[in-house]
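Heads up, there are several structures right after this.
Both complexes shown next keep chain A, but they swap its partner, so chain B is in the first and chain C is in the second.
Now for the complex of A and B:
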C-alpha cells in the first residue's frame, strides 16, 4: 500500500496511455515513416531500396512540382489571413446578445457539419458553367456566365471561396470563446476613458485576442496546407495546374504515378513548410509578455 | 485486413451460429471487381456460388473512378488479398512488371479466344490476364432531336460512315447551349480510351514502338491536329458540354434527351433501354477524319489472379468458371461487352448478334479496332493524358499542353527503362 510518488508514477501514464498511443500510432509514426520514406524508393517488384536524396533531386528538376509549390504558397498566403479576418468579423457580429444571434451563430457554423466531399460535389454543381444555379442566376440578372472551376484565373479563388464558406464558421467559434474570455472591466474602463468603438477594438479587444487569433491562424495554416478533397473531386489540379496543390501532387505521385518515394518526399517538404509558416506566424503574433 | 475481417466475423455472435455448418468446408475467396450495378455483377457471382458451394465469395465492387488506385494499394501490399481482381486489359503489362499477376498460360486454352483479346492478355508470350470482355464504340443518336433539326440520320453501313466534319455540321444544327441542349458528347469525355482514336484516325502513333517514349508521339503534329478538333467541339463549335467528365453524367445527358449524338459502348445497347425506355435512339458506325482512316477503341476487362493468394485452387476454379462458354453468355446478357470467346460469337450469331448494332460492332472489331498504346506505364500515361485532355477541353493551348504531358509521361516512364 505504498503511496510514495515513485510507486504511483505509472498511474498517470496509464491514464495518458490511450491518448499517447493514439498520438504515436496516428500522428508521430506516420510522420516518421514519411520522413524515412522520402529517402527510399520502391522497385517495380515492391522491394524497398535506399535512394539517398534521389527523390528530392528529382523534385528539384520537376516543373510540375515547382508549379505546385507556387500554387500551394499562393493559396495559403491568400486563404489563411482571409479566413482569420472573416472568422473574427463573424465572431464580433454574433458576440453581443441580440435578436436572432443564436440563429446566426448556428447558421455560420452549419457548413462545418457537412463533409468536405459533399461540399465539393455540391459547389461543383452549384457553380457549373452551363447547368449550375449560380450561373443561371447570373444569366437571369443579365450578367455574363462565369467559368469558376473551369477557368485558370478563377479556379484557385473559387477553391478559397468554398474552403472559407466551410471553414470560417468553425474558426469563428474559437474566436468567440476568446472574446468571452475578455473581462468586461477592460471595455468598461476604456469606455470611461472616452475610447470609441474602434479604439476599444484596436487597443483592448485585439491585443487580448492575440492568443486565440494565433491559435486559429496556426491551426488554419496547417489545415489549409493539407487541403485536398475538393481538388481531387472537382478540378484534379487543373485547369492547366491552377489548383495543383502539393497534397494533390503527393496523392498523384503515389496512386497515379506509382512513385511512393516521391509522394513521401512531398509530404515531408509540406511538413517542413508548415512548421516554418507556423514559426513565422508565432513570432509575428507573439504577445510581448511571451517574449 | 483479411485476418481482421475474419476476427470480426468470428466474434460476432450471429456469425458463430450461421457458420456452424460452414466451418469445416469454408474457403473464402476475395474478389475485387468493377463497380457495375449490382444486377450486372451478382447473377455471375451467384452462378459461381451455386456451382462451388464450398467457396465463399466476398465480392467488393469499386467505382470506376477509384478502381485503379484501389488495385494499386491492395496489390502493392504484396499480401494474399485480394485473391482475384478485375484488370483493365491495357494495364496487363504494368501489372506484370510489378508482379501483380499470376501466369495463367497453363490454365487457359489460348485457341478459344479472339485474337485481339489474347493479344491484350499476353506479355512476353505468356497469358497473364484472363480475357473477360472486349469493347468497341458506336455512334448513338437521338431520333427526336435529329428530326426536329431536319437532319437525315447517318447510315448503319460502315462503308458510308460519317466523317467528323459531317458530325460537327449536324451537331451544330442541334446544339442550343443556352438551353442545355448539345449536339454531341463522348461518353468518356476525358478518357484516352475513347479519345486516342482521334489522333489514331489521322495516322498518329501515340507512343514509341518500345512503349517507353511519349515525346514526339503524344505531341506530334497529327496528335495536335486531332486534339485541336476535340477542343473546338467545346470551345469553337460549342456542340459539346464543357466540364462534364463523368461517364454517368454524359450517359444521363444523352438518356434524358439533351444530346443529339453520343459515342458510346456496346453495353449502352442494354443500359439505354433499361434506364431510359422512352428515348428514341438509333445507331451508326463511329465517325472518322476524311483525310484519315476509321479507328475505333477496343480492349476492356480481364480477370487476374494475385500470385500471393493463399487460395490458389479456389482462385483458379474461379477463373475456370468465368472462362466457360455458358458463363460468358450469361455475362453477355447482363452487360454486353463484345465477347472474347469465338464460341460465344458463334452461339449467339442468330440471336443477339443478328441485331444491326452488333453487326457494326463485329465489323469494327475486325476492321477498325486499335488497342491502346502498349506500355508498362499505361497507368501513368493514361492519367497524365486524362489531365491534359481536361485542360485542352477547357481551352488550354493544345500544342503546349500535349508537349508538357509528353515530357511528364517520359519522366514517369523512366522507371521502366
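Now for the complex of A and C:
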C-alpha cells in the first residue's frame, strides 16, 4: 500500500467509523465477552461472581464434555479429509470441457444455495426409518431398512453425509479455480515425456494443487468445528450422545441448563481452536509465493 | 484410427457425472414435487418407492396457499425485511470503509486493513453465544436490530470494495476536489456509480447470508413476531408435524429465493468467492 491521498485525520476516520464500530462491537467484543464470561458463574441467588477457573475445572471432570470433545474430534477427522477428497474428485471430473459439462458444474454447486437448516429438515424426512423414500428405495431393492439418525453407530456418519451433500460442491469451486491456474504446458510436457494419466495427476497436478487443497482443508475444518444446525434440528445430540458436537453442547449449556459460565467456557475453547485455523488460513491468503 | 472402446473413458465420465448430479438434484426435485401433491400421496409414494415417487398423480397448490396461512408468511416477511435492510446498510457502510482504505493515506492504514482482513477468517458462528450476552445487555433481544446489525459490517465486503476502488485513477478524485467537490461527493457521485458489479456481488452475498441465517436468529430473536424463515421451518419440523406439504412448500420458497438470484449472478458470485481463497 502507500501513495494514497493525504487527508486531514478526521475525514478517513469518518469514512471508516461505521464499519470499524460494527467490526469492533460484533466481531471483536464477543471474543472478550467469551473469555471474561468463562471465568464467571451465577450463584443460586442470581448474582454473577468471579469464579476463577471453576468452569474449566468443572468441564475437565465432566464426562458429557469429554464425550462431546471426542465426538467433535472424530467428526472433524472424518468429514474434512472426506470433503476435500470428494471435492477434488468432482473438480477433476468437470475440469475438462465437453458437451453439457457446464450443466453438471452448475448442478454440483446448486446444493450450496440450500441452507443447512433446510438440508437438515429435508434429509431428516428423506432418511426417516418408516416414512422416508431412501428406506423406501432400500426395501424396494430388497435391502434392509436402515435407522440412520436413530442409530448410535450410524448417526454421526449420516450427519457427515448430509453435510457433504451440501458442502462438497462449494469446496469444488476453489479446487476448480486451482486446476485452471495450472498452465497447460505442464501436462503437455509430462505427456510428451510418456507419463500416464495417474502419473500426471500424482507428479504434476497434485503438487501444484497443494495450496488450494490446504486452503480448503483449513477453511472447511474451521467451519466444521462450529457445526450446529443439523444437530439441533435432527438429533439433539443423540442418540446417546453420538452426535453431541461441542457447539451444540455450548448452546445447550446456555439455553437448556442456563449455565452461561459453562457455555462461554466452551465457546472460548472453540474460539481458540478457530483462531489457530484462522491464523494458518491468513498466512496462506497473504503470501502467494510460499506453501 | 481410433482404438476400439476409445469411447469408454468418456462414457464412464459422463455416467459418473450424471449419477452424482442425480444424487444432488433428486432430493430437491422431490421436495418441490411433494409440495405440489395432495398430502396422502406424499406419504404413500415415499414409503412405497417407485416411479410414482417422482411423478405425481395429482397436482395441487393447496400447500403453497396453506403455508402462507400457517405463519410462514410472517416469517418470510421478516426474513425479507432483515435481508434487504442488511443489503442496503452493508453496501453503504462497507463501501465507505473500502473507499477510505483505497483512496486515503493515513497513519495505521496497513495495520488496520490487516485487522479487517483477519476479521473474516473467524466464522460468525463462533461469536453467536457471547454476542447473545452483549445484545441482551443492550436490550436488543427479539428485535430487528439484533438480526440486522451484527451482519452489516463485513471484512470481506470491505476488501471487495477496496480492491475495486484501488483501480480507479486517483486523478479523478483530485480533479473533483479541485473543482470544489467534498469527499462525500467524490465517493457518492464518482466512485459509487462505477461500482456496479461489486455492488451486485456484495448485495447477493449479504442477501443469501441473511436469508439462510439460522443459528444467530434462533439465539437472538426467536419470538414469533421476529421469527425468520429458516427458524420457522425448523420449528415446524421439530413439532412432529404431519403437515409435510406445508413444510415442503415453505422450504421450496426458501430455497428458490436463494437459488434464483444465485443462478442469475452465478458467474460474478462464484468468481468473487473463489478470489477470497486463491488469491
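In this section, the second predicted complex is superposed on the first by the 240 of 291 C-alpha atoms of A that agree within 3 Å, B and C clash if a C-alpha of one lies under 4 Å from a C-alpha of the other, contacts with A are read in each partner's own complex, and residues count from 1 in each chain.
Assume a contact is a pair of C-beta atoms (placed from the backbone, for glycine too) under 8 Å apart; a residue touches a chain by one contact, two chains touch by 3 or more.
Computed from a predicted model, the values in this text were never measured in an experiment.
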| item | value |
| --- | --- |
| First, second, both or neither for A:18, with chain B first and chain C second | second |
| Contacts of A:206 with chain B and chain C, given as first, second, both or neither | neither |
| First, second, both or neither for A:113, with chain B first and chain C second | second |
| Which of chain B and chain C A:240 touches, first, second, both or neither | first |
| Which of chain B and chain C A:276 touches, first, second, both or neither | neither |
| Partner chain in contact with A:130 - chain B first, chain C second, else both or neither | both |
| Touching partner for A:150 - first (chain B), second (chain C), both, neither | first |
| Which of chain B and chain C A:57 touches, first, second, both or neither | neither |
| Which partner reaches more residues of chain A (counting touched residues only), chain B or chain C | C |
| Common ground on chain A, meaning residues reached by chain C in one complex and by chain B in the other | 130-131, 139, 255 |
| Complex contacts: residues of chain A adjacent to chain C | 1-7, 9, 11-13, 15-16, 18-23, 25-31, 33-34, 37, 90, 93-94, 98, 100-101, 103-104, 106-111, 113-118, 120-126, 130-133, 136-137, 139-140, 165, 169, 173-174, 177-178, 181, 211-212, 215-216, 219, 222-223, 226, 228-229, 232-233, 247, 250-251, 254-255, 260, 263-264, 267, 270-271, 274-275, 278-279, 281-282, 285-286, 288 |
| Chain B partner contacts - residues on chain A that touch it in the complex | 42, 44-46, 62-64, 128-131, 139, 147, 149-152, 236-240, 252, 255-259 |
| Chain A-facing residues of chain B, complex | 68-69, 72-73, 76, 78, 97-99, 177-178, 180, 241-243, 379-380, 383-384, 386-387, 390-391, 394-396, 401, 404, 408, 411-412, 415-416 |
| Chain C to chain A touching residues, read off their complex | 10, 13-14, 16-18, 20-21, 23-25, 27-28, 30-31, 43, 45-50, 53, 92-94, 96-97, 99-106, 109-110, 112-113, 116-119, 121-127, 129-134, 149-150, 152-153, 155, 158, 170, 173-174, 183, 187, 208, 211-212, 214-215, 218-219, 230-231, 233-234, 237-238, 244, 247, 251, 254-255, 258-259, 262-263, 266, 270, 273-274, 277-279 |
